[in-house]
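Take a look at the structure below.
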Amino acid sequence: MMSIQAELILEKVREQNPLVHNITNTVVTNFTANGLLALGASPVMAYAKEEVADMAKIAGAVVLNIGTLDERIVESMLIAGASANKHGVPVILDPVGAGATPYRTETAKMLAETLDIAVIRGNAAEVASLAGENWEIKGVDSGAVRAGDASSLSVKAAKQLNTVVVITGKTDFISDGERLFSCKNGHKLQTKVTGTGCLLSSVVGAFCAVEKEYVFAAAAAAAVYGCAAEAAVERLNRHEPGSFQIEFLNKLYNLEPKALRERMKLEEVLA
Amino acid sequence: MMSIQAELILEKVREQNPLVHNITNTVVTNFTANGLLALGASPVMAYAKEEVADMAKIAGAVVLNIGTLDERIVESMLIAGASANKHGVPVILDPVGAGATPYRTETAKMLAETLDIAVIRGNAAEVASLAGENWEIKGVDSGAVRAGDASSLSVKAAKQLNTVVVITGKTDFISDGERLFSCKNGHKLQTKVTGTGCLLSSVVGAFCAVEKEYVFAAAAAAAVYGCAAEAAVERLNRHEPGSFQIEFLNKLYNLEPKALRERMKLEEVLA
Amino acid sequence: MMSIQAELILEKVREQNPLVHNITNTVVTNFTANGLLALGASPVMAYAKEEVADMAKIAGAVVLNIGTLDERIVESMLIAGASANKHGVPVILDPVGAGATPYRTETAKMLAETLDIAVIRGNAAEVASLAGENWEIKGVDSGAVRAGDASSLSVKAAKQLNTVVVITGKTDFISDGERLFSCKNGHKLQTKVTGTGCLLSSVVGAFCAVEKEYVFAAAAAAAVYGCAAEAAVERLNRHEPGSFQIEFLNKLYNLEPKALRERMKLEEVLA
């Protein structure tokens, strides 16, 4: 995949301002909304079972994030997801912390099985737990590779779950089960700011709203996101998470095609 | 309305530190609390039906924001609003996304009809949907004027809903149905930071807590808020939303009377 | 207590990255998670009654913060707290706004009586209301000393509630009922950023996860926190809350042993 394709998808997001309906966790709502606004999308959060079907229907994408789920949220996710499926709106699933508690693992699996999911975005441990693989997880932040290999996991999980899978880490892997992309953009400061994974899932949503080949949309989203993070770090006097969070929003807002072209390390590799 | 009046109301907020009880959406809680603290008010968020009547009673203002409502929140809003009404505490309503889904529209209308509302603050589309007018809305962010005119809408809605109405946009309009003010302060970067409308509603609450002529309080709040935004933008090296968000909090904290005097573009116009 | 002890506990947090399970209010989730990440801890928020026992069991500490409680949250706090108690995981209680409404006061008391609490962290008014003393409180922010003395209150409350008590204010007091520490670090800008008290409670949790002598852990947490705030203020061109919030996260991330050694004003005093 060439940077020009990622550029074009980003350009479409900035022109079309797709409405992204997030049912997400209470930790990242503000950062997610600000990140989507900076990118050029139009975020909305709506949780009530009385309205999520209506909101999902008019959205360009629906993002389901289980970071602080409870039974009411799960009910709303099912309603929103069904409405999105019915109206051809792509559904993104972020299985935050799947593997950390049985409730999260089972809920994530149930959502993946019940709904038609366009893209699943998680770390290796989360995706592994969805695919029935055994990886280590501690809380919601880890997912360091213990055994196996994230690239083959992405392909296997994509086939098994019949969706596009994005596994983020030092290198991101994006696969639809046939094709496989690796992305080496990004910076480790991202791991020191809460919600950087969650926001990426919502950015994937924004990209899927304007590009129906979801594996391209997801790969482009990962690359743009990582390039924005790198460009933000370059602006810092010191590598510190508070300042990074602000500069990252700034760069999501004004990442230039030139910067994307020079930085992008997204490649198709053998699946 | 002269800048000296707005200055005096701001000064009162800074001296009296009114308690503003917010029942607001999960996206903007942090930004709202920090904005109110910066301004000199004392924010509290309380949602449980067991305590909202007690909290509303001791507050200087109660702000009801339907951004992420559900049935429990609505129940609590009714209890808090009734308690506020009983004890003479002004209630501000922010009908976030009214018009986007039937649930939001109907809930906003029900709240406006059931409670004695001091001020409604929304964009043109939200206010129009409350007043039974037909405007376009997409999600919660839009509200560009499609037909009609925001200034006449503010007067009409104020009469119809028997309250003060603040319609924010490139120009803000503030009316109690008799008098009409226009405010041309503010900056478009505000639209790239989530919750700038919601925070203004809470700032209106803080101003109403210290100035019982609510149409003046609301007009002054809109002007102070817009001037703080402009002063924040002047501090930026680049026009970017991450940095703006921080400088805006800074300027809410230390906007000087002189800056207010020089910038304020608040005028009474023919209703 | 010498700065070298505080340094060592901070070093342990940075090395061990303890998982801190927060059941906290919706206003401070993001700031709490970012503060814990900056410090070197691993934050998780989990609220559902279906999973809190599982999460508490694998955590290094559980933090219960009643800032925006409701009946479901209270139920989850009891389940999480019981699981933590069973598995020897320290439980921190932050009684936000206790004294402001009967619901908060009673819930805070009930939690303190039902669970085995390692540390209670609050302002003077909140702690007083838990201990049955009569102090003034307005909303959730106040707690200025009206009568009596915060230092003796901390000792008395610690004895009465059989726990370590941290009372924060201009001077912080930390006591287990026998020993008493005073800490004069910190800066008044902390009072202009929402959640600085809540985040400290979670930082106390992170310190208790690596140091089982909880009175030392709590005293060290208060001192490190105050020193980070002071170091952040020194970085500012102007004393403003928006910028302070960012620099504070930066300094939690990279506060150096040397800075701690030079600044720390933590002393054991006569109980």
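Letters A, B and C mark the chains in the order given here, with residues in each chain numbered from 1 onward.
The criterion applied here is as follows: a residue touches a chain if its C-beta (ideal position, glycine included) is under 8 Å from a C-beta of that chain, and two chains touch if they have at least 3 such contacts.
What you see is a predicted model; the values in this text were computed from it and never measured.
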item	value
Same-site or different-site touching of subunit A by its copy subunit B, using the half cut	different
Rotation, 0 to 180 degrees and nearest 5, that superposes subunit B on copy subunit C via CA atoms	120
Rounded Å distance, subunit A centre to subunit B centre (Cα mean)	33
Multi-partner residues of subunit B (each touching 2 or more other chains)	26, 29-30, 245-246
Subunit C residues touching subunit A - in the complex, by the definition given at the top	19, 21, 26, 29-30, 33-34, 37-38, 42-51, 54-55, 58-59, 72, 245-250, 253-254
Of subunit B, residues touching subunit A in the complex	25-31, 67-71, 97, 100-104, 138-142, 191-195, 238, 240-243, 245-246
